[in-house]
Amino acid sequence: MSFDIIRSGRAVLHVTNLEESRKFYDALGFIETESTDTELYLRGLEEHNHHSLLLKKKDTPSVEVISYKVRSDEDLEFLASKLEQEGNRIRWMDKGEQKAVGKAFRYQDVSGLPVEFYAKMDSVERKLQQYHLYKGAKVQRIDHFNCMVSDVEQAHDYYIGKLGYACSEYTASEEENIWATWLHRKPSVHDVAFMNGPGPRLHHIGFWLNDPMSLIHGCDVLASLGYGPNIERGPGRHGLSNAFFLYVRDPDGHRIELYNGDYFTGDPDFKPVRWDLNDPMRQTFWGHEAPDSWFDEAMEVLDVHTAEKVEMKKAKLKKRKPTFVI
Amino acid sequence: MSFDIIRSGRAVLHVTNLEESRKFYDALGFIETESTDTELYLRGLEEHNHHSLLLKKKDTPSVEVISYKVRSDEDLEFLASKLEQEGNRIRWMDKGEQKAVGKAFRYQDVSGLPVEFYAKMDSVERKLQQYHLYKGAKVQRIDHFNCMVSDVEQAHDYYIGKLGYACSEYTASEEENIWATWLHRKPSVHDVAFMNGPGPRLHHIGFWLNDPMSLIHGCDVLASLGYGPNIERGPGRHGLSNAFFLYVRDPDGHRIELYNGDYFTGDPDFKPVRWDLNDPMRQTFWGHEAPDSWFDEAMEVLDVHTAEKVEMKKAKLKKRKPTFVI
Amino acid sequence: MSFDIIRSGRAVLHVTNLEESRKFYDALGFIETESTDTELYLRGLEEHNHHSLLLKKKDTPSVEVISYKVRSDEDLEFLASKLEQEGNRIRWMDKGEQKAVGKAFRYQDVSGLPVEFYAKMDSVERKLQQYHLYKGAKVQRIDHFNCMVSDVEQAHDYYIGKLGYACSEYTASEEENIWATWLHRKPSVHDVAFMNGPGPRLHHIGFWLNDPMSLIHGCDVLASLGYGPNIERGPGRHGLSNAFFLYVRDPDGHRIELYNGDYFTGDPDFKPVRWDLNDPMRQTFWGHEAPDSWFDEAMEVLDVHTAEKVEMKKAKLKKRKPTFVI
Amino acid sequence: MSFDIIRSGRAVLHVTNLEESRKFYDALGFIETESTDTELYLRGLEEHNHHSLLLKKKDTPSVEVISYKVRSDEDLEFLASKLEQEGNRIRWMDKGEQKAVGKAFRYQDVSGLPVEFYAKMDSVERKLQQYHLYKGAKVQRIDHFNCMVSDVEQAHDYYIGKLGYACSEYTASEEENIWATWLHRKPSVHDVAFMNGPGPRLHHIGFWLNDPMSLIHGCDVLASLGYGPNIERGPGRHGLSNAFFLYVRDPDGHRIELYNGDYFTGDPDFKPVRWDLNDPMRQTFWGHEAPDSWFDEAMEVLDVHTAEKVEMKKAKLKKRKPTFVI
């Protein structure tokens, strides 16, 4: 018996003003599947699943959970029992408890992140070929989560050793400690990345674009709608992952990455790309130096059992901020 | 005393169903300035003038007039008197007679085409930086008229010798007759082109796009709205003018070119580019062979005095159809 | 015990003039890994494997083999034994027998196509971030094989039932026969497609581009180098697979597709997209009607044991040619 | 009798290492027309003139002259005599004195900038349709000069009143002083801009690109060749001129702008666009805050008679640095 995690599936974020959020994500080019007074279900243009981003109206912005899709309900149960055997406390959510989502369970992962697994989500009509609905940055699909955690090596070892992820790229410090790691289940550069820093926190959610021009047009549309100041970093290219990137902050400060340019990683003999922490092209192949906020700020996460904010731990490795020119 | 023609300014087309036309030009990405039950005023995203395309509801599709903007009302009067002295019959239209257009006059040019000159048109707010309004092929501005006429050399000589146009490129037949000619006032490849064929007819109106990707996205949007069959030719690149082109037919068969890729022609010492009629790269630098309709069909034009269709004359040079591979 | 086919890996084509082929594939933007007097090894910009296209100088153009990469040598042996048990005659090729390729075996698949499996290929330096080497259409990586076979349903059932492929899209005839099918192992639209027609033949090899502009620039470069006539079809968009496509013929007539625009298919609950054979948007979401050559011509394939051309069988389903406008 | 200035034509820069400069401008995508041990003649892909950028090897980097093309030698002589009558000291350079350039004269303009006028330059083969030569940012043609001067209003009034330029856009301070102005002869946003600051200095030379993707690919190529740190600002969009921009510094610190996105300004009734100095979208419609170097550093200019550096004057208006978020 085994289990198969397919990909990063969705995130559930708490926001303080649903209407402000709707306007912002609409500007980015998301499709709204449906909404209530307190919930907004969003997805990308090619997504056949009900949503990849769920926004819930709450008093305080935070990350309720980040979710991965597994192959089947059998995989789900096997994974849950395995995690319980390893001492994790699981919270099951029955089919029907969450709109459009089948049976699911949540737990706090090795870094303290609120993680959910589910196998089934309702299907909806894809908009891939309804090009007249394309707008903003033409967001295509969810791609990855990027998390700031206090112990990257622990997370790296856990996701590879226990959950079957593979590493595509990583950053090594002088002492060959892993400073940051990019891990995938689907054959892209990542479904999840872990970076050294005070955590657990969610640094950003990455959404994939079909081409670089969509990112540039997205900037123009954001600016003409008054969201210019929400652009935090970019456009630029990371050495790591080869991403052509833009980072934007939503009205509650949640960070979204628009992302294009990675590559196929599905070969078993693909060797992880090693980057030296001091290589300036690692963070910024080209582009402006990232602002302090990009290094310092991230989204706080909740406990899946208490719904309280998870307490942060200091980063294990000493803080460093790479700069454009060393 | 002199006169200065600035550029191609607008076209007035007759269409049979204004609502069908509105949907089509909206899909292409035009901005609607205003409309009545019988008139629809359209412009491109960067245009500060009231319209560059006026559609009037009539029983029969046709071209009422193609219009050029001149520097001032003084230029207009000088040009009119000059043309009258040369034997042309002028039809003046006072300010107020045409919505948003100042004083204007019309006449039948040397090829029999209905041509209008005006100096003033009302200004409206440019949409250049309202990127959230960009859609379809993101039409930026009117660029040129392409006309099929029975005697190209006559038109060529007249527009250069009498109206002050310059030639950027031309096609020469074996006997060095001018088969087609590209003439400009503004420093682009053309404000007007004349091609050998039964005429006078308007072959197409060209609108300029800022980049090639807008043309591709325009195709996608047209197709997803059901206008795929309206794409007549392209995308492809002409050798002549270096245009990256798409030709579409509106619901009445009027032909619009979406156009990107030409160059600066304002240098007095720029030498016209000569193309041999038998050079296959002239018409199609790359791309599919043009369909017969592209060679055979064009828009019929009206007499500016009688509003009757102008009778067509046979082409002076023998008909030829260039093909992709000779 | 099981086996895991990772993806389409490489094709081996016979060409008659290696220097002519080199020039052509260089124009397209391929990277040359190495070459001898009789062999040319090519790959895309992101490929870390030695080659994805091997051209061998021979007297007659043909397809020697199309190859799929499997997870490990154990998978390879298990797969071989399984195929042998099913009555297939296997031809083993030891490590060292083929440059850069590990142990491999070949056989004639259910449609008579020459198919190879291998697990290992030498690694070479990726050029993904050496942007100064990007040229032509900036070919990124091999994506798929498209094969014309006499019995599509047989191939469809075999690849799904015996080899573990999944169907992303298919075309159904009036009687719900499968006219064409798109099958994948990696989570893209396809690693291999089968179309109804006289076969077995290889219709084209698809290479993936990062963005649509690379395809347009590729056309310009091909044309300026004199390869305009080698463009057989496109640019256009298929309804099927959502591909923004260009088909080119190499100097021996081998057909290459440049391809961008498909989507993630890795969800187990992704339902195959059904297209009606009579839906005009299936083949051509927009774009010119395909020329007869695109429907009629394909690359002949060799017997892996005799190196003789495999005899063609008539298509099981009646020939039809979809057209742009029904 | 009159004179007609056509457009900004070329710049002559002093550089300290011709080979380093050659590598850099080659990476940007310039075409090298010819070179000697001490001179390098560069042009864009569509340019039919011998060069638009001349680099001369000297001990110290500086700007020898910026040049405008006029209609004819008669225009040139008339303009020279007019300028002499106004008290300017003219330096004539005969045909043959400068490679490829006809008769020319130089003088120090109202701001102290070294300015040259010429009518004729040798023609060379355009590379517009030799797409296989396109590389880097695919530089198409020279577009404008941007100058930092101590008295912008003086320059503004002089170029409009004496030289016949038109204003497309300008920045007004609280007291309605002109802080910066964009002036043109060809119907684009500018041939020359003047910004308030210590001067006279040349801030940058702008080159026009056909599309935004060329700018992004240019960044990638610069970075992969090690020129990432030479990117000083961008990509981003200016509110002013609607430019999609990138600023790079050459090995001697000379600043080049890659530029796309402006619009047609040739209408006599086009009203200059007014920007408030405190409008944050003026400088940066979107994009990172400009670094201090962009505001503080510019290229020093030479005296056309003595070849000594022109002494700088303090800016008349108080220094301000606009920031991304006020």
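A few notes on this one:
Here the chain labels run A, B, C and D in written order, and each chain numbers its own residues starting at 1.
What we mean here is this: contacts are C-beta pairs under 8 Å (C-beta built on N, C-alpha and C of every residue); 3 or more make two chains touch, one makes a residue touch a chain.
Given the structure is predicted, the values throughout are model-derived calculations rather than measurements.
Chain centre most remote from that of chain C: D (centre = mean of CA atoms).
The interface with the greater count of contacting C-beta pairs, when A-B is set against B-C, is B-C.
The distance from the centre of chain B to the centre of chain C, with each centre set as the mean of the Cα atoms, comes to 44 Å.
One finds 50 Å separating the Cα centroids of chain A and chain B. Multi-chain contact residues of chain C (touching two or more other chains) are listed as 129, 211-213, 220, 223-224, 285.
Taken together, the chain D residues at the contact with chain B in this complex read 6-7, 46, 48-49, 69, 71-72, 120, 123, 128-129, 140-141, 186-187, 210-213, 239, 242, 260-261, 263-264, 266-271, 285.
By the touch criterion given at the top, residues 212-213, 216, 219-220, 222-224, 228-229, 231, 233, 235, 237, 244, 280-281, 284-288, 324-325 of chain B touch chain C in their complex.
The touching residues of chain B, when paired with chain A in their complex, are 27, 129-132, 134-136, 211, 213, 217, 220-221, 223-225.
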